[in-house]
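These notes are about the structure you will find just below.
Going by the order they are written in, the chains are A, B, C and D; count residues from 1 in each one.
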């Protein structure tokens, strides 16, 4: 990964905007921002962003690759789509944020110990297993993502909710034994694998371009 | 009215705002026969609803008075109000326009004595004041309205008020039997000067114009400043009628935005800069204006005006497209949320009143336009040879401020003159 | 009226024993009442919602939705896909549009689909949310005709949230002040909360697990505004919203010293009750914070 | 031949006039003191019947002067149009009954007001004549266009298309001007995506093929004299040949000069070949012709380029331009596209503070620039330094709030436009007054006008040629000469094309009106013109100095020479003349002065003061009319006389009024100064200037200064104008009546 990162730095020296355009989901749109700031002001998580979207776009243009990719900002996105709805320039900001986050993670530059990164990864791993999300397992793995002791503490804190969910049959403890899933799990996993390969190849080829 | 004489050497001007009047007068004063039609009951258009012009801070009525006098003095010019074009056929040098005229229910006998107004009772929303107040069903649209004749609102026809108005008139000026009229006139060239309309602020949902009382539009703010306007020249909050002294101006309200108007409406930055001086004019040191903007577009000597406003400590500039407005339910203050992008500063600013600098939407309705004409993506008429002898003037051609509209209208007058001169030469 | 058929994408949270299984129950009841037949997409998979991006890149995520659409094309050709979950609807519709606009992505996606023997052929399937179906294919008048027990005397805050609203939303509604839930509430005989400020505010659902404090701060405002507006209940069309706004109220009370006990129900629950169905069919037993007023009406 | 004056006075009883006023008394006054041969009352004078009655009397020769005592001259203007007779309007409605309460108490003073106005009207009309053109007029359908750039060429072609002859005088050796030096222009058509061909080649070809258009290259205007319809112009070629031709009107399209970037030391323009202006980049782009653009220093293909917006503009720094030139944002986008279109990998960054791309096309073009990958940075460039053969641009990024540096191959400075307005005639005048230490750069005149007031058009703001700017952008202070293009205000080619066409319209109109002896704007169509009694003239030159339009020259002996078609009929000369020898046929010292005197001054014991109001007919008078429409009341002791412009106010009016027992005089003119609202530009200013000297007169008469007031009144001062009148009434109440009652 870091090898890929070095190659990318080499290839796109001075032109992070181009790198984003080539390799980040919906990255081509970054150039269209006119710095009005409506996205930054519209974000419900606004106060927690070190750099709000519009500033990230400016940082991309100003070639601040490290700062952008190691930022925890993109991980604050709640996918509420306020920014997209209000952007006067049609930028799919939510997707660009997801794209930047994914790209940072892929290159190993994303901040360590960022809870959303972990949750997001756990979610993905969970769904990769059977093609559908197993909420109980996801929940439990979430509680234990920072180690056993903290996990027990968190799970204890959440026990009332868990109990409430169970009592209303909205959480099934038996799910731990298996749960829902697609029938053709191998095919499903192959499909995702193929998609991942194609995507990785695209990025690798951009280095060679 | 049906005695309008027109030939294919006549120039038809559609729209009697500042652009249409200019085009009509310039052509008429060059000796051409001109017919000017206007859909409202008076000429002058939107500028009549402005308090002051930028950058000179002079009053639109001043230039309008001169234009009216030019019109009164010129026998080459025929003005038809309450008239709209419903169809145009033919080609350059030989057009026939169908004109629909709504009844005024008042004829030329009217002396503007005002007796009918006193006699009637029912009140209607006053569109001249963007419905911020009411007017009676027999009315003079505004102080300097020309033609200086009263109008009966068609909604009083058939009611007692109509009879009262008729009875009150000593000059037989009220004709309740007037009907919609259709006339066909010839024209060699047509100047299309239908102007613009303020972008519908309710569509800009994050700003809550339809939900928050103290969010108003820039055009409404202009009416508030008129001593004879809906608030008697005071800046009053719609929610509680209190004077508003801390006022926010939001730029690009509907402009430069793919959700609304994609184009920059050009005038709004200057309009807000101008309106910030209104706040100071009314309240001196107590007046505060905050301008939320993306780029301040103050070209040429307007920049000097911008500098002057910037030098005013009571005017604050925030480089930000406001994200949304919520109402503080206790105070009625609109609270503006957003980020000042100059260095990333988050704000949540209450103001007593918010003025949306609404954009310019061209009033060229493509769907009902009677002949084929080239429009651009923003809905303005392009200068294009395919348009034949039809020429846009003023804001039908682009988002223009008054002086550029007049400049453009003067140019359009010549384009029309060229056509009718060609016709004249051919007929000689 | 003839039976209306749709290709149904239930989504993970609707599964039996999952967090919005109650949603599915009430939707099924509703469909009986309105003579709607939901044909579940065989072997559907998760859409990855809008949180899978850490592990899943753009293409793998598109492949997820593409598989569902392709399955629908194959098995329920001609039927619109209907989702009850906001995230499922959004992810699927977005994927369809992105693939439609970008031929390269479409080609790559189809290459991935080959692994499961599928191909996205036309990509013309309309992807709709259940509320869209109700409003557009039935309309308030028709929906009103089925009301047997009007929810009289109730004041309900219509909490629309994010993903059924932006970026697509319901046709004719605005992003900032959509009124369809209010109209629905009225249709069912209850009173909506006018000027419900937080109607489209985000509940932070996506970050409920990873950033609970931040998310709960948002939820607090949403509930508070409902109380301020005089509401005794919140109705929502989104399972993430429903769960997030309902289940953390005790924790919020502990943090902020509030005394929230605001029931949060699905529109489908409201409708089922108003249509005269019992508490179980309306999935009222799925409420962690009991909707007592509805239980009373259902019991009548 | 002494003319027998036969005044007919027609009194309307409509609009409540008959009810509120004793019209029989008015009739008696008209036929008595008013000297009218007939006076008639009518219930509804503006009706067809009423008008026909008047028409008949005129046609039968019963009357040769007409007084209509009804409503304001601004009302029913079309009905009461009698162009073939000297007429005046007595304003009984807006001037009397609408501003007075209908009470028994007020009845007497209201009637007195009406009586006086009838006296005034009957007196005024005695001194009026039907205006008749001087027969000086000449129709000359030949238009001179000064400057063969984009604007000049467009003006010429558009005038020709309308059937007029045109001569273009261009100082360089080819047509095209600055536009001709451009590689491409900013798009003028939808979808506003890519730079367009400048069209200069096409325009040049059209001009060459147009038999109506004559072109003089390498030529200048060395002399211009005359007036619209008969401008005599000397066109001198570099070769030494001079020809004289006459023209009907003139379009000045002298364009602009690019700001001298050598003044921008912080940007190292002088020292570094790779720091260039936009215009210089055009040359490079033209040379590259779509291929790679090479930097000047070493011919290396440019890979990284920065555009510095507002270079030396929008700045209060000394030597900088305070204004925004308007075109430069779009031009930089266009120029960045030169690079991007040839090679998308070239790095282009536009550093701006406000990106100004207004209008329908502007925003599309901005978006297109972004779409092509141009980077836009909100920032300010501080310095540019040489860095091993490259350039380091040090700037502050305003968004990221930090100082930054970018290394590039080429820097393009967006410098502004300076109008080629010729000699600043006002500055010349000021220099004569003050001992300026500044070294004046000698500026060559463009028009070499042989006008008393200087060789070029007056300038207004930032060195651009004066115009009324908002409502009447073409109205310059030199009738028949119209400025167009960047000499008028900064503009791009699209606007210049419109502007050129508009100026051509005005030039054609000037030709036509000069041919008929009709006045130009704002008294369009007025056939009256000023004349003077030579025997009384003292050659004091006040009229030539004060004429806002430079219409009056002086002959060898110092007598004024009127140029009818240059005159705008404001009457400022009439107001200026200390010996009162200047007058119009229908507007004169007498028409105003005599009606002032016609007012009946009550005995002191009656305690009824009289206040004279001289109101500008364009603004203050309409304001009073509108006050009446709103039934705003004001003092019954006032007598209002409308004047064409307060500039036509002769101080004799004031002294005469005070001498004959008026207690106060209020003057209402328009706003003066840079943001003037005066329709005659300087009229109001001149009146103020003259009044500054009235104080002495008051002292000699031993009268209080407060008895004379002058105000700037706008047309919207509907409440304020009556208030000003009442203020004077109050002042008089305080200081007492005038001692000059006889």
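By our rule, a contact is a pair of C-beta atoms (placed from the backbone, for glycine too) under 8 Å apart; a residue touches a chain by one contact, two chains touch by 3 or more.
Quick caveat: nothing in here was measured; it's all calculated off a predicted structure.
Common neighbours of chain C and chain D, by the contact definition above: A, B.
Centre-to-centre separation between chain B and chain D, using Cα means, comes to 24 Å. Distance from the chain B centre to the chain C centre is 45 Å, each centre being the mean of its Cα atoms. In terms of their C-alpha centroids, the spacing between chain A and chain B amounts to 50 Å.
Counting partner chains per residue, chain B shows two or more touched chains at residues 206, 256, 319, 324, 341, 344.
Within chain A, the positions touching two or more other chains are listed as 34-35, 54-55, 82, 86, 89.
In chain D, 355, 378, 399-400 are the positions where the chain touches two or more neighbouring chains simultaneously. In summary, the structure contains touching chain pairs A-B, A-C, A-D, B-C, B-D. Of all residues in chain D, only 14-16, 44, 46-47, 71, 74-79, 158, 161-163, 188-192, 314, 316, 322-326, 354-364, 378, 398-401, 461-462, 464, 469-474, 489-490, 495, 498-506, 508-509, 512-513, 521-522, 524-525, 618-619, 622, 626, 629-630, 670-671, 675-677, 679, 714-716, 718-719 touch chain B in the complex they form.
Across the interface of their complex, chain A is touched by residues 347, 355, 366-367, 370-371, 373-378, 397, 399-400, 404 of chain D.
Taken in their complex, chain A has these residues touching chain D: 14-15, 17, 31-32, 34-35, 54-55, 58-59, 61-62, 89.
On the side of chain C, the complex with chain B involves touching residues 174-177, 195, 197, 228. Touching chain A in their complex are the following residues of chain B: 206, 252, 256-259, 294, 319-324, 337-341, 344, 346.
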